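One chain, chain A, links the two complexes that follow: it is found with chain B in the first and with chain C in the second.
And then the complex of A and B:
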C-alpha cells in the first residue's frame, strides 16, 4: 500500500512538473516564426576580435529559403567587391582582384568566414529549427533579467553542422538569448549571445549576436545587423553565377 | 729486425693472411659505416635545416606553440627593420625570412571558372631581390624539372607531380586561395614559371614556391613574416654554438609574459631533430668503441689460433735460448706490420665504396613514401676528414690488443717441458 502511494505521488509530481513546461515543438515553431523567413536582405557588420587585432568586415546578404544565399563584401577596401554565392551545398567565391570565380568544396562551408567565429553555414543559411531538430524543454533560467526556457535540441537529420543545441529562450518574446552548439561527440563547438532584440514587422529579432568559436582562441565575433528586411522580393538573377562578376 | 719480420710475414702467408684480412675487412666496414651514417644523418639534418628549421629559427612565442600549422595570424611583425637588426647582432649567421602557408591551388577553365583544384603547402622565400641565396639553399635551380625560376613578380613554382595533376605547364595562370594573417579568405593569381622535383614525398606532393613579397601581397602580410631562419655562415650546424646564440637571443628578446615576443629555437629543438643531432655527435665514439671491442676479440682469437699453429716454432725458439720477452716483442712487431698494412688496405677499400655511395647514393624513396618527416629520397654517404682515420686507428690498435692478449700464453711455457714437447 505504501509503495502504491509513493508511486502515485511520484507520477503526479512528474506530470505536474512537466505540465509547467510548454510543448517543445510548439516553442520551436514560435522561434522559427521570429528567426526564419521566406527570404531576407540584410546589411551586417562583423567585428572580429582576433588574438592579436580587431577588424571589421561589412557585408550585404540576400537569402532565399534554406538553399540560396548571396553575399557581397562592402568593407574593408581590400575585400570590397568580393562576392559569395551559395546554392544548396555548393559555394562559389568571386574576387575582383583575380577576376576569378572559385568553387569551394562542401566541407569548406564549415570553415571560418574571414577569420571570424562564424562559418559560411552560420552566415549564409537560414534553416528552420523544426526541420532539423527534436526538442525537449529541460528547465527554466534567467538570462539578462529575462525568464527563459532551457531547450535541448537533437538533430534528426544527418548532414548538419551542429548535432546538438541548447537554447535559452525568452519566455515572453520566444527568441533565444543564448545558444550552445555541440558536435555529435558532445564537444561544445560554439556559443552565441543574442541581444538588442527589436520588434521588426511582426517578429522579434536580435540585432546583435556575439559568436564565440570554442575551438579557437580569441575574444569572439560581434555580428551586428545594421539593416534587415524580411520577405521582400528578390530577383532570381541575384542567385546566379553571372551576378558574381557584376 | 723489421725487415726480417716483414720477409717472414710475406713468405709465410699463413702467419699473416687471416689477421690481415680480418683487420682490412673490419676497417673497411668501419669506414663505410661511418661515411654512410655521417651522410644519412647529415643529409637529414641539413635537409631539414634548409627546408624547414634553419640552424636556428625565430618565431613569436605564440607561433612556436603551433609552428606545425604555420599560424600566420601569429606572425612576426615589423620585419623590415628587425631582420637587419638581428643580422648585425649575430654576424656569424645569415638570416632569411620565410612564410609557410597552406591553401588551395585553383586552375581556371576558359571561362575563368574552376577546372582543377588541389590543396597545397606553400613556401615564400626571397627570390627576386637579387642573388639566389635562398633558391640555392633549397636546391631549387638543380631541382627544376621544367621552365625556370620566377624572374618577375607574381610568378611561382609548383612541384612537378602537382602541376601534372592539375594539368598546367609553365606559362599557365592559376589562383592561390589562402587565408590572410587576419583570417580573411584571399585569392591571388600566379603564373607558373616552372616545376620542381625535390625527390621528397612531403615536398613533391603539392608545393608552391613563390617570392616572399608576392606571398605577403597574397596573404595580406605586409611588413610581416611567419619565421626568420638563421644559417651558420660556415654552412654546417654546430649545436654548441647554436645553444649559445639561442640563449643570448632569448634573454634579450623573449618574454614569457608576452606571447608575441620573439623566441629563437635551435635546430635540435625542432621537428624531433634533437635525437639525430645527439646521435650524430656520439656516432664517432660508438663506432670506435664497438670496433675496438669486436675487432680485439676477433684478433685475439686469430692470435690464439696463430699461436697454436706456431706452438712448435715458439717452443723451438725458447728452447734454443730466445728470451720470452723477445718472442713476445717480435709477435707484437709482426702484428704492428699486419695492423698497419691491413688498416691501410681497409681504409683504401672502404674509401672506394664510400666514394661510390657519396657520388651515387641509394634511393630509399619507397621507404620514405609516406614519411611525415622531411627526408631526402636519395641518401648519400659523406666522407669527412674523420672518415680517413676513424677505421685506421682502431684497426691498428685492435691488432695490437689482440696480439697482446694472445701472446700472454708464451709466458706460460715452462722451459723444462720444452724439449719433451719438441720430442713429442
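And then the complex of A and C:
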C-alpha cells in the first residue's frame, strides 16, 4: 500500500512538473517562426578575434531556404567584390583579383570563413530546427535578466553538423538567447550568445550573435546584423553563376 | 708511345704552370664526384626510408583519393576488394583509413590528418604496437616534428575533433601513446596515427580504407576499378623529381668549375704554342708530320687531366671516404620542408660515377687541348724554326 501511494505521489509530481513546461515542439516552431524565413537579405559585419589581431569583414547576403545563398564581400578592400554562390551542396567563389570562378566541393562548406568561428554552412544556410531536432524542455534559467526555457535538442536526421544542442529560449519573445552545440560524444563544441533582440516586422530577431569555439582559446567571432529584410522578392538571377561576375 | 713519353716529359718540364692546372682540374674532379655522390646518397636514403616508413611494396589507392586535396578525403574510402581481402587478413596488406580532423593542443587549433592503421601491421616501420590499448581511451602515435610543432609529448592528452561520414561533429580526447623519429615528413607532419578499427568506428566506416599498403613481396594483384595500384616509380616520382632538380643545379656549379679548369688548360695550350714555336719547327725538321705535332700537344694538354685524376685521388679518396663513413650533417631539419632527408647524409660513390666523371673530364680536356693545337697545322715550319711570330 505504501509503495502504491509513493508511486502515485511520484507520477503526480512528475506530471505536475512537466505541466509547468510548454510543449517543446511548439516552442521550436515558435523559434523557427522568429529565426527562419522563406528568404532574407541582410548586411552584416563579422568581427573576428584572432589570437593576436582582430579584423572585420562586411558582407551582403541573399538567402533562400537552405539550398540557395549568395554572398558578396564589401570590406576589407582587398576582399571587396569577392562573391560566393551556394546551390545545394556546391559552392562557387569568384575572386575579382583573378577574375575567375572556382567551384568548390561541398566539403568546403564545413571550413571556417576567413579564420572565423563560423563555417560557410553556418553563414549561408537557414535550417529550421523542427526539421532536424527532437526537443525536450528540461528547466528554466535566467539569461541577461530574461527568464528562459532550457531546451535540449537531439538530431533525428543523420546528415547534420551538431548531434545535440541546448537552447536558452526567452519565455516572452520565443527567441534563443544562448545556444550550445554538442558533439555526438557530448563534448561542448560551440557556444553562441544572441543579443540586441529587435522587433522586425512580425518577429523578434537577434542583431548580434557571438560565436565561440569552445575547444580553442580566443574571444570568438561577433556577427552583427547591420540591416535585414525577410521574405522580400529576390530575383532568380541572383542565385546564378552569371551574377558572380557582375 | 713516344708521343706519350715526350708529352709527359714536356708537361713535367713546365713545372709550376702544370701543377697549377692540375690542382685546379683535380678540384673539379673531387667536387663533381662529391656533389653527385651526395645526391646519389640522398636518393638512396630517401627511397629506402620512404619504402620503410610510407609506401611499402606499393600502394592501392581508392580511385577518389588525391593526397594533394584533403577535400577529397570524405569520398575516398571503400571496402577492401575481394582480391586483397584474404591477404589483408594475414597482414601482407596494411589498410589505412584517412580522415580530416582538428586537434586543440593548449587551446590552439591545428588541422591534422587522422590515419587509422592496424596496430599489428609489420610492413611499415611505424611503432604501431604502441596503439594496442587495454583501456577505453584512444591511443595515438605522432612523429617528432608533429610533437615539436604541437608541443605534445608521450602520455599527453589532446582533444581531437572530426566529422563522421554524415558530416556530424564529434570530439574526444586522445592519448599520445608514443612518438617516433623518422626522416619521412609525409608520415609525420600534421598527422595523427590511431588504431584502424577505432577510426572506422569514429567515422562510421566499418571495414573501409583509403589506401592499402602492400608488402615488399606482395606485388600487384588485379582488383576492381575502385582501387588503383601505385608502384614505386609513381610513389617515388616526387622525390626523384626534386633530386633531379637539385642535380640540375649541381650541373651548373660543376659546369662553372670545369669551365674554369678548362680555361686554364686552354690558356696554357695557347701560351705553349706561342712560346714553343722553335720547338715545333724542330719537331717538323726532325721528320714529324704536322699532325703528329698536333697530337703531341693534344696529348700534353690531355695529360693534365690524368695527373689531375692522380692528384685528386691522393686527397680526394681519404676525404670522400671519411664523409661516406661518417656522413654529412644537414644543418637545418630538411624534413620541415617536406623532403625525405635524414639529419645526416651518407654520400654514395659508385664505380660508374667515378669512371664516368674521369672520362668526361678527360674528354673535355682533350677537346680543349686540341682546339688551340690545330693552329700548329697552319704554321710554316721554316718560320717556326726561326722563332718568328705567326
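The definition used in the following text is that the second predicted complex is superposed on the first by the 246 of 246 C-alpha atoms of A that agree within 3 Å, B and C clash if a C-alpha of one lies under 4 Å from a C-alpha of the other, contacts with A are read in each partner's own complex, and residues count from 1 in each chain.
The rule is simple: a residue touches a chain if its C-beta (ideal position, glycine included) is under 8 Å from a C-beta of that chain, and two chains touch if they have at least 3 such contacts.
Nothing here was measured: the structure is a model prediction, and the numbers come from that model.
Overlap between chain B and chain C is detected when the two structures are superposed via chain A.
Using the contact criterion defined above for the overlaid structures, shared-chain residue A:187 touches chain C, although it does not reach chain B.
Of the two partner chains placed by superposition, A:228 touches none, neither chain B nor chain C. Applying the stated contact rule after C-alpha superposition, one finds that A:55 touches chain B and leaves chain C untouched. In the superposed model, A:78 makes contact with chain B only, not with chain C. Using the contact criterion defined above for the overlaid structures, shared-chain residue A:98 touches chain B, although it does not reach chain C.
Once chain A of one complex is fitted onto chain A of the other, the partner contacts of A:116 are limited to chain B, with no touch recorded for chain C. Where the contact sets of chain A with chain B and with chain C meet, they give residues 51, 104-105. Within the complex, the chain B residues that touch chain A are 62, 73-74, 104, 106, 108, 112-114, 117, 175, 177, 179-180, 182-189, 220, 260.
Those residues of chain A that touch chain B in the complex are listed here as 48, 50-53, 55, 57, 78-79, 82, 93, 95, 97-105, 112-116, 241. The residues of chain A lying in touch with chain C in their complex are 51, 104-105, 107-108, 110, 155, 158-163, 181, 183-185, 187, 189, 213, 215-218.
For chain C in complex with chain A, the residues that touch the partner chain are 71-72, 74, 102, 104, 107-109, 159, 161, 163-164, 166-172.
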